[in-house]
Amino acid sequence: MAEPQTPPTRPFRFRVHRRKAGDAGGRYDSFEVALDERRTVLDGLVAIRREHDPSLTFRHSCFHASCGTCGMRVNGADVLACVTQVTDLGGEVTVEPLANLPLVSDLVVEMGAFYGPFDRAGRPLVRESEMLPGAERAEGVEVLTRYEDCIECGICVSACPVAGSDPRYAGPAALGAAGRVVLEPRNADRATALRFADDEHGIWRCHVAYECTEACPSNADPGGHIMRLRRTATADRFRRWFGAGRAAR
Amino acid sequence: MSEQRPVTPAPAARPVERRRGWWGWFDPRGRRLGGWAFALNRLTGLGLVAYLYLHLGVLALLARGPEAWDAFVDFALNPLVLVGDVVLIFGMLFHGLNGLRVGLVGYGVVASRQAALFVGLMIIGAIVLVVATLRVFA
Amino acid sequence: MNETASLRDPAHVLIVGGGGTGGALAHDLVLRGVRVTLVERGEITSGTTGRHHGLLHSGARYAVKDKESAVECIEENTILRRICPGSFELNDGLFVAVTDEDVAYEPGFVEACRESGIPARRVSRAEALRLEPHLNPETKLAVQIPDGTMDAMRMPLRFFASAKHNGAVIRPWTAVEEIVISDRTVTGVRVRDLTSGAGEEISADLVVNATGPWAEIVARLAGCDVPVQPSPGVLLAVRGRWCNMVLNRLHPSGDGDIIVPQRGLSVVGTSSWVVTDPDDLGVPEDHVERMYAEGAKLVPAVRGAERRAAWSAARPLIGSRGASTGRELSRTFKCFDHRETDGVEGFVTISGGKGTTLRAMAEKTADVVCAKLGIDVPCRTRDTVLLPHSAYYLN
C-alpha cells in the first residue's frame, strides 16, 4: 500500500472540564494540540490523552455518530465530539460533560441514570419493514429491518430545560423510546409504554422547548414522539370516556 | 517483586448528581429558538401573574372614589409607566402567541415546523406591538 | 496457582482489555465458574472493536482464498443471530459485479461459498437494481449472501452485560501500569483507577492480555514478546442510507470494497497501512479519497454524499516473528501462552480475530485458560442468549 499522506496541522487550544471522584468541585485544564483541519473534537481529546495527560477520561467508541457514547457539551452546545470539527468552533474549544446526568469523572457521565427510564419504556432496537416504505426484500429475507435512529447518546436530556430543573421528568430520550414502541410495538407491550408516557412526569411535563429534537444528532425526533404520544393518549382518554366502557387498546 | 496480596475491591465511585437548574434556561450557549421560547414563556408568565395582582390592586382604587382614581390616571400617563405598558403588551403578546404555538405543537399540529411557526407568530406579534406602542404614546 | 479450582474458591482470571474479545471471554469464563475481573483504561469497546463498519460477516469475502475463515464466519454468524436476537439488521448482502473481471470471478466465488456452507444465490442485474436502486447502473450481476449489519459497539456490549450480571467485575477507566511478576510467574497487575487517581494492586491466578493492537505494549510489561503491530485502515461514513443490504465488490479483496448501512449513514471501508503507535493512527486524506472513489463504483451517489465522519481503526497484525511462535487457535486468531514463548507462567495473550468471531475466539481462549487452571467445564456460550446491551449500565 502507498504511504499515507500526512496533512498539515496547526495548534488548537482546548479547555477541558476535569473532576475526579472525591474532588470538591470541577476545574478546567488547558491544553494545546496540533491537529489538521479535518480533525474532530474527539480526535483532539485522544491527542490530549496521548501527548499531555493519560488520566483524562472520556467516553468514545465508534467515531462515526453510531454508538452515541461521545456526547459532550462543546462550547456550550450538546454535540457528539466525533463529528464536531475543530475548525467549526473558532478560537478555544471548551469541552464539558453532558448536563443533567450524574458525573463519574472529567467528561464521563453515569449512563445508568439515562437507561433507567429508557428501559422502562420497553423499546426494541431494530425496527421492521414499516419503516422502510417501498423497499423490496431479497429472497429469503422475511422482513426488512433497520436500526432505530436513536443512538442513546443523552444529548436530548442534556439540552432539555425541563430535565435541567426537574429530576422526576422522564426525559425526551425515554419518552421518544415510548413513542417508538407505541408506533411499532413488535413484542413489547404497547399499553405499558403508553402508561409510562401518559404521566404528569412524562409527556405532560414537556413545555415544547423542542431543544431535544433540535440537538439530536441522529434524527430521532424525541419532541415529535412526545407530541404524537399526547395525541394518542388524549384520543385514548376520549374513547374511554365516551366509548361506553370499551377498554383503551 | 511483590508478595501476593488479596484482591482489593475497587473504591465505589459515587457519581455526582448534577443538573443545570433553572438558571440553565438562560444560558445562551447552544440555545436554540425553542429553548428561548420556553425561558421567555416562564418569565412572561411570572410577569403577567405579577401584573394581574397589580391590576386588581389598581381596580380596587375604583372603590375609593373619583379622587383616588383620577390621581392614579395622572400617574399612569407618566412616560415611564407608558414604557411599562409596552413591556406589558410585549409580555401578553409573547406569552399568548407562544402559548398558541405550544398548544398547537403540543398536539402534534405543525410539530415538524415548530421553529418556523415560532418565527411566524413572533413576526405577527412584532407588528401588533409596534402598532400598540404607537397608540400608547399617541 | 490453583491446580484445581473448587466452587468455594474459584480461580481468579484478570482480563486486560475491554474490547469484544475481552467481553466475550469474560462471559465465557464466568459461565464456567471462574471469577473474572476485566480492566479497561477507557470506555468499553473504545479500542478497535467499536470502530469497524458493523458487518455481520457471512464469510463470503474469505470463501475463495481462506475456506477455514469462511466456515468459521458463517458458523458464528448463525450463532450470533441466535444468542443476540434483535441486535442485527438481517437484510442479507450482495457481492456486486461491475466490470467484466468481476463477472469472471463469479462462478468460482459462488462455488467457494457453497463449499464453505455459505448460502449463495445468483441475482440478475435487473433484480439487483430492483433490490438496491442506488447500485451502479453498470452492475452486471450480483450474488446474494447472508451478510448482516450489527452495531459495532452494542453487540459486544451484550457480552459485557451478561458477564457483569453473572458476577464478572467489569472495570472501565482502570489503566494497567505494571504487571506483577514473582519467580517468573505473573501474580497480578498494578492499576490506576482513572476516575479517582487511586492506585491499587489486583492479584490473579492468570492474566489474559486481550488488548488487540496494544497487545505488544502490554505484553512488554511482563517482559514478554508478542509480535503484534497495529495495522489501521480508514473508514468513511457519508450521509444517506444508500442501501439496505450490505454491498460488496465481487472481486478479490481490495480497498473500499464494502458499503455497510448504519442507520441513516452509509459506511465505506477500508484500506491498510502499518503504524507503530496504536494511539496515533492518523487519518490519511488520500485513503479517504480512495473510499469515495471505490465506494462510488458500487453506489455512484456516494461520490457526492456529505462526509459525516472519517476515521481509522487498527487491526492487530501478527508479525513474521509470530508466524513461528504462538499457537494458531484458528486461521483468524492466535493465542500466545507465555510459558511456552517467554518462560513466564500465568500470562496468556490472545490476538487477531474479527468482529463476527468474538464468541469463537473467547471459547477457544477460555479452553486454553481453563486447561492451564485445571478447570474442566465445557463452554456454554453457543446457546446462552445474552442480556440486552442496556443491562450493562443497569444493576
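All chains are identified by letter, namely A, B and C, in their written order; residue positions are counted from 1 within each chain.
Note that a residue touches a chain if its C-beta (ideal position, glycine included) is under 8 Å from a C-beta of that chain, and two chains touch if they have at least 3 such contacts.
Please read all numbers here as calculations on a predicted model, not as lab measurements.
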Open item on the list: With centres defined from CA atoms, tell me which chain sits nearest the overall protein centre.
Closed with: A
Task: Which of A-B and A-C has more C-beta pairs touching across its chains - done: A-C
Task: Separation of subunit B from subunit C, taking each centre as the mean of its C-alpha atoms, in whole Å - done: 53
Task: Separation of mean Cα positions, subunit B and subunit A [Å, integer] - done: 27
Open item on the list: Need the CA-centroid distance for the pair subunit A / subunit C, whole Å please.
Closed with: 25
- [ ] Could you list which residues of subunit A touch at least two other chains?
- [x] 21, 104-105
- [ ] Could you list the positions in subunit C whose residues touch two or more of the other chains?
- [x] 195-196
Task: Two or more partner chains touched - positions in subunit B - done: 11, 13
TODO: State the interface residues of subunit A toward subunit B in the complex, per the touch definition above.
DONE: 19, 21, 73, 75-78, 99-105, 109-110, 113, 159, 161, 163-165, 167, 206-211, 214-215, 223-224, 227-228, 230-231, 234
- [ ] Under the touch definition given earlier, write down the residues of subunit B that touch subunit A in their complex.
- [x] 11, 13-22, 24-25, 27-32, 34-35, 37-39, 41, 101-102, 105-108, 111-112, 114-115
- [ ] Using the touch definition up top, name the residues of subunit C that touch subunit A in the complex.
- [x] 42-46, 49-51, 54, 86-92, 94, 119, 121, 123, 130-131, 144, 149, 151-154, 173, 175, 192, 194-197, 235, 237, 241, 244-245, 255, 261-265, 267, 271-273, 277, 279-280, 282-287, 308-311, 313, 388-390, 393-395
Task: Residues on subunit A engaged by subunit C in the complex (per definition of touch) - done: 1-7, 20-22, 38-40, 43, 46, 49-50, 54-55, 57-67, 69, 82-83, 104-105, 108, 111-112, 114-116, 118-119, 124-126, 132, 135-141, 144-149, 151-152, 218-219
